[in-house]
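Naming follows writing order (A, B and C), and every chain is counted from residue 1.
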Amino acid sequence: METAQKIIENISENKIHQHYISISNLNVSFGSQHILKNISLNFQKNKVNCIVGPSGGGKSTLLRSINRINNDDYNLIINGSILFNNEEILIKNKDLTKLRKEIGMVFQSPCVFPKSIKENVLFGIENHSKLSQAEKDSIVEENLKAASLWDEVSTRLNESAKSLSIGQQQRLCIARTLAVKPKILLMDEPTSSLDPISTEAIEVLMNRLKAEYTIILVTHNISQAKRIADELYFICEGELIESGSKDVLFSNPKKEQTRTYLFNGTCNC
Amino acid sequence: MDRKLKNSIFKMLIWAAACVAIGILVFLITVLFYKGFQSISVDFLISESKNFGSEGGVFYQIIGSVLLTLCAAIISFPLSLGFAIYKSEYVKNKYLQNFTDTIIYSLNGIPSIIFGIFGLILFVNFFNTGVSWFVGGIILAIMILPTVILSSYQSINSIPNSYRENALSLGLTKWQVIKTVIFPRAISGGFTGLLLGLARAIGETAPIMFIATAFSGVTFPNGLFEPVSSLPTHILSLAQQATNPDALENAWGSSLVLILLVFSFSISAFVRRLQYSKLKY
Amino acid sequence: MSAFQNSIGRGYVVSSTYLSIAIVLVIFIVLFISSYDAFSTVGWKIFTLEWNPSKDKFGVLSMIYGTLSVTFIALLIAMPLGVLTAIFISEILPEKFRLYFKSAIELLAGIPSIIYGLIGIAFFSGWVSSLFELATGRTILTAGILLSIMVLPTIITLSEDALHNIPKKYREVSKGLGLYPFETITKTLLPIAKNDIIGAILLALGRALGETMAVMLLIGSIDRIPDPFYNFLAPGQTITSKLGREIGESAFGSLHFSALNAIGFLLLLIVITLTIITQFYFKKEDRL
């Protein structure tokens, strides 16, 4: 608690508002395996913050630390500081439930519950507050629209969510996450298991959602980053190599490794 | 010896073994059903036993057996679900996992007569309950714990972790995740295990013969701490009078009733398992 | 509210776990305490031959002998029969019959032991006595044969699983090398499935040691080691049959009761050790 406050004092007011999520000296290990090494970076509000890098480099670990979904993982050791809206996330008795309501997450492969489409949208929010039937209906409609799925499923809301295509399932997962009204969306390679058409639908969706949400996207697909990222963070072998706005990184990267990765897709770090 | 000859001999051995095994199977089933149906009737099922069981029926024995298993089910089901959920959702430490495994396996390995002795010492004598069907139910519940725990645990454990993470990421508390995602599966798997456990419990003699049952002259129990009579102990007392053909005939009848009860439990468990093995989460 | 639910829920699962663990420990403690009298009074004399409660003589050797010999006979019959039948189901029987066959065998495993006992009394003891021209058919051999039938399903089911789980490619490679089916089985499949089959046999051994009702009805219940000791056509006594016959007749708190508990405790230790070894053995061993 004390260290958290010290860190907060050290950071100037306006910087916090601008950055929204601010990570400093983050180290994550599983047992003796050091996954993330001294990561310090800031994610920008209402932008698509895109973390790129080769597989196994620690991108997902970083993302999973932000809503502490890895809290129960075996042998996890996590040090450093993650500030969200002024508040330290990495304190011991942080209310994780509240944190995860504010920081939603969409996973790599869609994971719908064996329930109806409607019940899937309501799955999270229903546990947080008592809803009337009318409220439920409006939440379902609103969020399915927000996830660009409404037109496709509006006539069969009571059918099993398993009957949807994988691309639709992923958008259903996004709708489910939006229904909880998070401020930040963590997206862990959300299109990697999808076909090109569904991928495009989700990319368009992300572009639209950034007006209301802050998006942190992990991808190993460089052309996807090029299409939709605003800010780019290049992580390799657990270290942050370079970060900055997409245009700068793609046109004039400071580091040689960044150039190699962004243009050749290979990594020499 | 010539390879081809060896091959033929080996093949013959396998066929012979299979025939013996099938022969045993057929023999047992035929004897039980043939002898059983010869001595069973509606009257047999609804009348009480007379003359130490060699005359009359098995009505109160059925009641007693059902009472014992019902009691065992009610006690062991919630306990097993709790154990299975704790083991799968809360225990992360490898050593603790091994310890819980050891506990389950030990319980599973305890010979049934030992449960009977345990119940006799602790409940009947130490707590002075006397011979009681309720104590019998508790002991049978303990005996089937491992079966129910393992079955429930396996079905929880087969839920991919991503479901837990997705639910957590929507801001559900751990218990809400358990309630919505884990519990339905735990109950379904646990119920299959419960059926298997009850199939075993209803046929057990050794654990209950000193602590829960009286051999004759027992009707409905008036309270928790009263004896009942049960099918397996009834068969035991009839088997000990096997020189009396009437007793033997009633023993076959009781055996058939017991077998049908056992099979109805185990067959429903098989059917459930088949259905769920097709179903993917 | 949800935090409250959270702690109630946790309380529920934690307490059911600890209660179950406590039960196992209590079983051990209770049995140990009530056998303590016998251990301290009788001491090493427990490993003698004579059992006579009225003279305070509690030797359990004949029961240990009975348990071991009955188990030995049971495994001697059930092991080859079980493994060969498993080979039959896995390698010869067409796949579509396999499930029916296995279900039937699993049903067989569900028949209560008292019913096996009844069948033994009604048929087996008569057969043994007329075949060997004995006065009584209740002998160690009869109990052993019946016990072999009782553990047969365990051996068949688990060995068959082990064989069936071996990927098809091993059979194809073997066949491709020109091996006879029997050579494929003995040289390729059995070595791969060996550990699982041993596990199955250990499990069956545990069951056989602890089996009570059928053995109690068929072994004749006489505390004696036959002469010569391999004369299995004589009546005997196992630990479990002794317990089943006498525990109801002994007075709670007496040395007699305590001595019976002591052999129960010994049996418990043996069987539990065996079970734990088996289970971890099953788990650790990494399959293909």
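The rule we apply is simple: a contact is a pair of C-beta atoms (placed from the backbone, for glycine too) under 8 Å apart; a residue touches a chain by one contact, two chains touch by 3 or more.
On a predicted model such as this, the values are computed, not experimentally measured, just so you know.
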item	value
Greatest separation from chain C - chain, by CA centre	A
Closest chain to the centre of mass proxy, which here is the mean CA position	B
Centre-to-centre distance between chain C and chain B (centres being mean Cα positions), rounded to whole Å	17
Inter-chain centre distance, chain A versus chain B - centres from mean C-alpha coordinates, in Å	49
Euclidean distance of C-alpha centroids - chain A vs chain C, Å	56
Interface hub residues of chain B, defined as touching at least two other chains	173, 176
Multi-partner residues of chain C (at least 2 other chains)	2
Chain A residues counted as touching two or more neighbouring chains	97, 127
Residue ranges of chain A in contact with chain B within the complex	67, 69, 72, 74, 96-101, 104-105, 107, 109, 111, 113-114, 123-125, 127-128, 173, 176-177, 180, 186
Interfacial residue positions of chain B with respect to chain C in the complex	3-4, 6-7, 10-11, 13-18, 20-21, 24-25, 28, 31-32, 78-83, 85-87, 89-90, 100-103, 105-118, 120-122, 125, 142, 145, 149, 173-176, 178-179, 199-200, 202-206, 209-210, 232, 235-236, 238-240, 242, 248, 251-252, 255, 258-259, 262-263, 266-267, 270
Residues of chain C touching chain B in the complex	2-3, 5-6, 8-10, 12-17, 19-21, 23-24, 26-27, 30-31, 34, 80-82, 84-85, 87-89, 92-93, 103-108, 110-115, 117-119, 121-123, 149, 152, 156, 180-183, 185-186, 206, 209-213, 217, 240, 243-244, 247-248, 252-253, 260-261, 264, 267-268, 271-272, 274-276, 279-280, 283
Partner chain A, residues of chain B touching it in the complex	92, 160, 162-163, 165-173, 176, 180-181, 281
